[in-house]
């Protein structure tokens, strides 16, 4: 479904080329100061068009507060925020209707919604909706005032030197994947709910909602698969639960240990590549060669960090509201 | 929470050393034939004590049908299945109460439940509860009669030769991690629910409920992070949506493509290792060296395959009931 | 929470004097024809200002489709509809801030949201939001094409002659309550989910969300409390389950019988009455006499029928999507 | 579904003539003292066989704690409680299989579950399951230590003199209905969640899960339908929100006011009546006259009070855990 969270509960809606995309957040405590400027930094970080390898589609992305705010404070009622889609060029997509683009949701959307889906720009499957996640993340971060969340690019195309990885793609006239790491400090021990709502379960659930994510690992992650237990186990060294190492990535038994939360996601290369590709043509009933037009990112991983922070903040805000029920958002 | 699923909804309960562990499955269609023998194969596969590297704790693990079955068929009412805990030796654990074992949930459980948790054998955090997942998986697989799900060990301790990996651990007198792969064929295209309930989101949510899982990747997974788009994109080659390659692992935009579903999980080394370790002692208020007693697996990854199949079946049954609402379980 | 439903799931948001009120409907099948005109009849029925005893506040109440519709058909993605609040006179309310009006949510909202609530016109508690329910009902009714739902005023102020009941209130310069009955025909047998999601449970849950509802009864309802079993039991007279009488109101064991669904709700008198009243003044810390200003209905029951039909349709659409999974919304 | 509640979440399972009925409660705070004796009073109150007009079926109804308790205290993990069905005489029911009893769930269960339902004694639809609600209520009441909940018979067969009402039924050799009132004191102001989870919505949702309930009204209830606003509005007379009258029944805008919570339910006459009745015979394909055998209550309303208290406690515990997040269950 298009909702996520138990206490800090978001409902997302919208399509790439419809009038607006938006999000409703239910469960925001009353009295939280909130205004347009609070959103600027993260929304700007997410925007394309400012660095090599990102799309030139520019949107103002000014949050429109429809409900839930009065006198620049949250009211405790649902908070709905819209973002207008101004900079759309639907014509680009309509021409390609007969050929489902490889790596895109065109084929599956058609199967699932019987051809009634709004296919323009990926419709409801578009990365455009992640601006709504970023907005929800801004609100969540405000609730998590004592927790700091930071995501950053770890590698592009297998290169730790990000510029080099990106140049590889530019030279190849192709799109490229990457790895993004997220770290959060200041978590209390005890977040996460057994049996099914472990911190890892909830963060991975949310992270895989971000288009293009194909893998996630916590702490040592896949490297743990060839480690010995005596190495991987993090020795507890004091009353507070600090550990000598942090191979667990801050989570044991699905519950936060109070140590730094660390995880990484694998981002596949942008599906839209300038290269020629093959796909089935529904009209001609044959495989055909074509190339994707339109404005696209070469490396969507570059835009993932603020979105990954946002969904992490959403999950942690939810868990904090569940566990630390004494939470005071106002001084 | 201890529940998972929307239509095929499971609620799990129990502790390692309580009288029983169990699971209630709500949403099972009426009229599904179900009897004890249906559970034997998967429950045997999950059991320890039969191969090198697994625990000698032996349980009968005979499913006790408490509700929801009449004349060997499901009734449409909730199906509750219990498994008795017979083979418990709680004394082993009570001695260690003052020292939270590294890599175990001892410390976080104490933080979360204020010392009231049943700590014996890991209590509610114990891998013992996975027998309930296996049982739910048996029921789910029955619903998914046209879908085949198979998980297998891919590597142990970094070795594709599993015996070699295991021997490494035995020689080192240490526990060891591994990688398990799961493949499912026969899925229709169109499973999965945007925006938050993608196939990847739901499977990862369920998979991270299995103790010791620390990473998951779909299709090419982390390898996608250094691939070009023209390579990673799977060319669609016919009306049915078959693709030339399957780097997507059978999921695009969070929705099943109808191609094989492929994913892998990283399993950390068993936290209980015969090696000496350090941890904080709550009583002496100092770091102390100790070694874990009790019966344990050297390589818990060995027991993961049937459990991973089970949670995959749970997710797919739920998605099938949601999407393919015409589902007929009876001929 | 501000969401309701499992499959046909609505999320409501907005305040009486904010820019808009709105609703997001998740789970609408793709391909349902939907346009502005479909909403006209029910929205007009709900409007005040057209008959004796209803408020002169006039709103255009034109549905603004933000998402989920493409080429006048639903897409399968969430459907968000806004209604602008144009005709607001907040000044009326700000003056009364210090005195919580008896029978209104002023006092409890202040307790619950710590004074941060948007109190103007009742804010999120306002009957204004019911226009969103009506909109969701229009969509639900489209799904329930074979089911007919009709609500009507049964009595006002204890009078079956509605005009007489209303005149009583006008003469007394006071507001007045009433009873509304809802009937639905064409239901299949088998709707409703044991144990907790009986038809009665879900309809009453939804009905009590409508401001001013204080009672609900199904079939014979409270009269059943002084009936004999041999009378109340409806004799089944054919294979289809038709019954000779319908004291059950079409529901047995929480499940629809296929007979007519019949229930009634008690609507309290509008809290805003022209009469002088007493309440506590938070500023002067004393009980004071005052009278409510602003534009109000004398008898809110008059506006309840389309809203009651709407929530009934929401519940039935949800149950139909759950039970009759073969539902075809398109011919 | 068979689950209810967000934080204090119950999942119910079982059939009248299966081995056991049971309930799992998720969300119980850790450290709550709990033992068998805590359940005795309410379970005894619910039992039949002790007064005129109730069934002679006797069950021990000793709660079997399967999980979630350690050292006589809750652990924070799910709490599962079973009650064995010992005193069953299934033969009584099997004979009647071809004739769906009027007023019972026989017909609808058959429609819904295709004949696979366990029909013996009403199966999953049996009032037998209410012993599980009572058990959950005992736990909920422990959480609500400062709130007192009391339900009592208000009238039987239209008579305030309960004995007289009952005698009427005995004389008529028929079953009879009644009205039960529930009052709760000590509620804080502010419980209940707009828009859909009002106190009235949640209590009515839960109450209609109790077999035989056909109506509910809060405060003045249906009488409000013929009251003037100036009368029905309860004047607020002090800072704490106490009101001069309590026609609202302690709920305004769906939120608790802090005044006494008052509501009444209409209980239909027991469907099983000694009188001859008519119904359709599925085998002979004709209407036939028959009388119900087996052990039954003449007036099921007599057994409703502890069950109604229980579901009220469940709802209030849930709302307290949601709203008063600082709740301390342990001194």
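Letters A, B, C and D mark the chains in the order given here, with residues in each chain numbered from 1 onward.
Rule of thumb we're sticking to: a contact is a pair of C-beta atoms (placed from the backbone, for glycine too) under 8 Å apart; a residue touches a chain by one contact, two chains touch by 3 or more.
Since this is a predicted model, take the numbers as computed values, not measurements.
Novice: Which chain has its C-alpha centroid farthest away from the centroid of subunit D?
Specialist: A
Novice: Over half shared or under half: which fits the residue numbers at the contact of copies subunit C and subunit D, same or different?
Specialist: Subunit C and subunit D contact each other through largely matching residue numbers.
Novice: Starting from the mean Cα coordinates of subunit A and subunit C, work out the distance between those two points in Å.
Specialist: Each chain's C-alpha centroid was found; their separation is 37 Å.
Novice: Using mean C-alpha positions as chain centres, tell me how far subunit A is from subunit B in Å, no decimals.
Specialist: That pair's centroid distance is 26 Å.
Novice: Where in subunit D do residues touch two or more of the other chains?
Specialist: In subunit D, 1-3, 6, 12, 77, 112, 124, 194 touch at least two other chains.
Novice: Quick check: in the complex, which residue numbers of subunit A touch subunit D?
Specialist: 6, 77, 194, 321, 325-327
Novice: Spell out the part of subunit C that touches subunit A in their complex, as residue ranges.
Specialist: Interface residues on the subunit C side: 1-3, 9, 11-15, 18-22, 24, 26-27, 30-31, 66-68, 70, 73-80, 82, 112-114, 116-118, 123-124.
Novice: How about subunit C: which of its residues touch subunit D in the complex?
Specialist: Residues 1-4, 6, 12, 100, 102-105, 107-109, 111-112, 122, 124-125, 129, 155, 157-158, 169, 172, 174-179, 189-190, 192-198, 200-202, 204-206, 208-209, 211, 213-239, 241, 243-244, 247-249, 252-258, 266-273, 275-280, 282, 285, 287, 301, 323 of subunit C touch subunit D in their complex.
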